[in-house]
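Pasting in a structure now, in structure tokens, and then I'll have a few things to ask.
Every chain is named by a letter (A, B, C and D) in the order it is written, and numbering of its residues begins at 1.
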Amino acid sequence: MTVELNMPKSWRQETKPHKFCPGCGHGLVLKGLGQAIDELGIQDKVVFGCDIGCSLLSWDFFNCDSVQTHHGRTGPVITGIKRARPDRIGIAYMGDGGGYAIGAQHLVNAAMRNERITVIVVNNVNYGMTGGQMAPTTLPGMKTETSPYGRDIETTGYPMQGPEMVAAIVREGAYVARGSMANVRQLKTFIKRALENQIAGNGFSFVEILSSCPTNWSMNAKDTWNFVEQEMPKFFKVGELKVPTKKEE
Amino acid sequence: MNRALDLLHRSDVQKPITLVDLDTVEPVYTLRPLRKELTVLGLDVVAWETSETMGLGEAGSVIRPDMRWVLKRPGSIVLDIGYGVKGSKTLNIIEGAGEDPELMILLVLNLGRPLTGTYEDMLEYARELGPVHGLINNSHLGEDTSLSFIQEGALVVSKVGKVLHIPVVATAAEERFRGELGLSDGLGHPVRYLKRFMPHAFW
Amino acid sequence: MAEIKPIVGEKRAFMTGNEVCTWAALAAQADIMYGYPITPQNEVMHYWTRLAPKYDKKFLQTEDELSAGFTTLGGVLSGAKAFTATGGPGNVLMQEPISMAEAMRIPTVMVIQQRGGPSTATVIYSQQEVNLTTFGGNGEGHRIVYSTATHQDLFDYTIKAFNVAWKYRFPTFVLGDGYQAKMRESLTIYDPESRGIKMTSSEPLIGQPGMPGVDRDPSLLRNTYNTEEELYVVIKQFQKDYDEMTPQIIEHEEFDCEDADVIVLTHGVVSRSAKMAVRELRAEGLKVGYFRPITLRPFPTVALKKALNGTKRIFLAESAEGQFYRLVTQSIYGQTVPIDTLFKPGVGITSEEMVEKLRTIF
Amino acid sequence: MAKVIKIALAGEGGQGVQSVAQIMTNAANEAGKEALYIPNFGVEQRGGVSIAFCQISDEQIGAPKFEKGDIVIALSGRAVIRCQQYVGPETIFVYESSIEGVDKFLPQNAKRVLAIPALKTANDELHPRVFNVIILGATLKATGILSLEDARKALELKLGYKFEQNPKLRELNFRALERGAEIIEELLASK
């Protein structure tokens, strides 16, 4: 068994190396999350919920209490836990399909209610686990298994702007940001702030991370990186969209 | 699988022989359950173990790091990359696939599949793909395959090859046709005889 | 924290069925309700939201029944006695979270007030959610279903639902209907402990004390498996647990079956009419008996077979087109007693109707 | 077999049939009887005829709804039409006398059909607001299920806080109860 260098303390060593595809962004996002958990010293308080889809592979990723749910329903499960046990730190981890398609109503309403949970959506602009179908986030003209001639925005709409939507509906106290696997330091910072915001009890915390799917994009490492760094930010602007004004420092 | 096993027994081929399951198109037909069986026969098999594939089930298209770097291995390598445009694009993920002069891309065609069921459809299908170095006629209808169907397939594949200027490398046929077919499919292409593994290869 | 008891001792009350469910949940020391508005269960939420703060209980109104179900699962996972209530199309949506509850043995409690179906149909009444509640979802029906007939039942079995769910770790339903939800009648509400009922305590399935990975293993909970065989082993174990539990929890009500020529089979609110009809005809000297399963899952098969021994006919009535009938016939497979039926989907059945129908059988 | 008294009360929204039903069944429960009350509800309850089904008995009661009532009271034209289905040969059918143009809809098969001048009595003698209490008094007297004393207790329970503020209100309500009983008694005695 190879042990990854700098493996976060909160990672579960027995389940490493992990099973994400080479070049997939999930590993980087979960590393950033693991580091944030370590730095905040909250490993024993975290309840990590993962969705169906590729995010499912993270069900035994951490030495944190974890629950694998149904597609799109991770937000509600974590909400239910947090409501009953406010001393827990609830993390709902999902892909863009779970967050923006099948679970969209849950995302919207959790944001509206300012649930004190942290939602992380890993956006790789397609459904990875099921073989690369079009997602709400698929870029215009992009070819997928269900848009073999390229995504037609006339009939299938424009890529979903998750953080922008959430930022537009949340109240003061919420934290909304979009990071990218192309900038892991910033990614970790955003996730950490999102968790701090939950710990402070300020409000809903939401982070989208631009990620990759080399397997279904059928791209080599260079093209994959180029796509994440150059193409995706044309539609998905990286940065913090909503930060509580009253910071508890 | 048959090609890899065949190579294993040829003295003019570099060893070891590595067989790679890179089919992300329709991974329900997969090497996973056959991995052990093929390893015992002497092949190096790069594929998931079913028990490792939590939740992947029939649809899981997740590849492994050792698949990405597989072309760096010594010996001879057989890659199953699935079919269609998506299949051909899978090579993009493989390190070194673009610049490897020894990489032969063989297009397996079956007149028995509706998508390539006529000369016109087969031609269109072949044209959509990236570079192809050779064609293999694998026309069959499973249990219902007949000699005449294999030969009809050979004819159509040959026509496609002529138009696209791609050589036909072989015709593939089940072992049971050896007596009737012999060494050639009637059009001069050698016949590669197959043992069918897939009936018990369900993820 | 010293708990303030919502009910001290016993008292007679006159109220709606929905209100009864709320009081029962309070008496059972439920911690939190998650819910979404749908008739005819709304008043369960209405009363809960009014009463809950007095006893330091919580409530969350969600965006739909999917969310109500899944948040309930979250509440239970965290160790809370959590419940929800729904009916009709809400029950349809609720089957998704219930499937997960079955798969992960999450002891949720749900009150179902049946309304007319399919689809939105009526908001009033039916017994058409028997299929859904007993065997809905993509699993094997590893759940417990109590079909209530009176407000006393609603109170008793809602309390029992919490205890049985937490003891055996199967999702548990109290299956009422719109009539029971909306009608007022008298009952005795009580503090379970005052009657010697020992409440099963809840416990967290996540968030136990200690550092995961150091002091204890983390709770890693899943409902997805790698192989067919792995799933097979899990389901077989569930079935074994379910079969072992069955004799402990099955319940039914019967009278006058020993010498009966005709046995009347009903469940839920319809059994009220059956009871009246059987009494009336017995008073006239007709040999008629009464049998009512209280648990529809698991089904009181042994008791029913025993009751049917020697009877000449079965008369089965339900406010559905054969949903209860199917439960009965699969349970008594092999018996050749002819069955007369009165199926009235979405409509109530009075004792007068039953008496009339029964007279034609004799 | 213990006799179950079955009562259907029907009227327009705002005529207070549901509160009459509630007070009546509450009173029965307080008096130690079994009582069951279910309103019609559903999409129809918004703008339709409001019906209350009440049953009172000394023993447990069967189905929540019934086919034929012992007494069926209709307080509006639409209610008269709607309630025909609950009338049988044993039914006393009572309707508000000020309703016009419903003669042809009055049940032909009832044991008695009585027109009660509740609205006129309320307006002329008491107060329009106690119209439904007159109906309550009439219903109790016609069925004999409860004493007026039981009804007074139930009214006290429901409206006691208002009576405290305005004792005249108590007097008014109790008077309405009695008038309802008197009127129905006269109607029943007349042939």
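As a convention for this text, a contact is a pair of C-beta atoms (placed from the backbone, for glycine too) under 8 Å apart; a residue touches a chain by one contact, two chains touch by 3 or more.
Note that the coordinates shown come from a computational prediction; the quantities given were computed from them, not determined experimentally.
When the C-beta contacts at A-C and at A-B are tallied, the pair with the greater total is A-C.
With centres taken as mean Cα positions, subunit C sits 38 Å from subunit A.
Averaged Cα coordinates give subunit B a centre that lies 85 Å from the centre of subunit D. Computed from the mean C-alpha positions, the centre of subunit A lies at a distance of 37 Å from the centre of subunit B.
Spacing of subunit B relative to subunit C, judged by their CA centroids, is 56 angstrom.
Within subunit A, the positions touching two or more other chains are listed as 52, 56, 59. Residues of subunit C in contact with at least two other chains: 222, 224. Contact between chains, per the stated criterion, is found for A-B, A-C, B-C, C-D. By the touch criterion stated above, subunit C contacts subunit A in their complex at residues 31-32, 34, 58, 60, 62-64, 66-67, 69-80, 82, 96-97, 99-100, 204, 206-208, 210-214, 218-224.
In the complex of the two chains, the subunit B residues touching subunit A come out as 24-25, 27, 52-56, 59-65, 67-68, 85-86, 89-90, 92-95, 97-98. Within the complex formed with subunit D, the residues of subunit C that make contact are 12, 14, 39-40, 122-124, 150, 178-180, 182-186, 269-270, 272-273, 275-276, 279-280, 283, 348-353. If you check the complex, the residues on subunit B that touch subunit C are 50-56.
Partner subunit C is touched in their complex by these residues of subunit D: 1, 22, 25-26, 29-30, 34-39, 41-43, 60-67.
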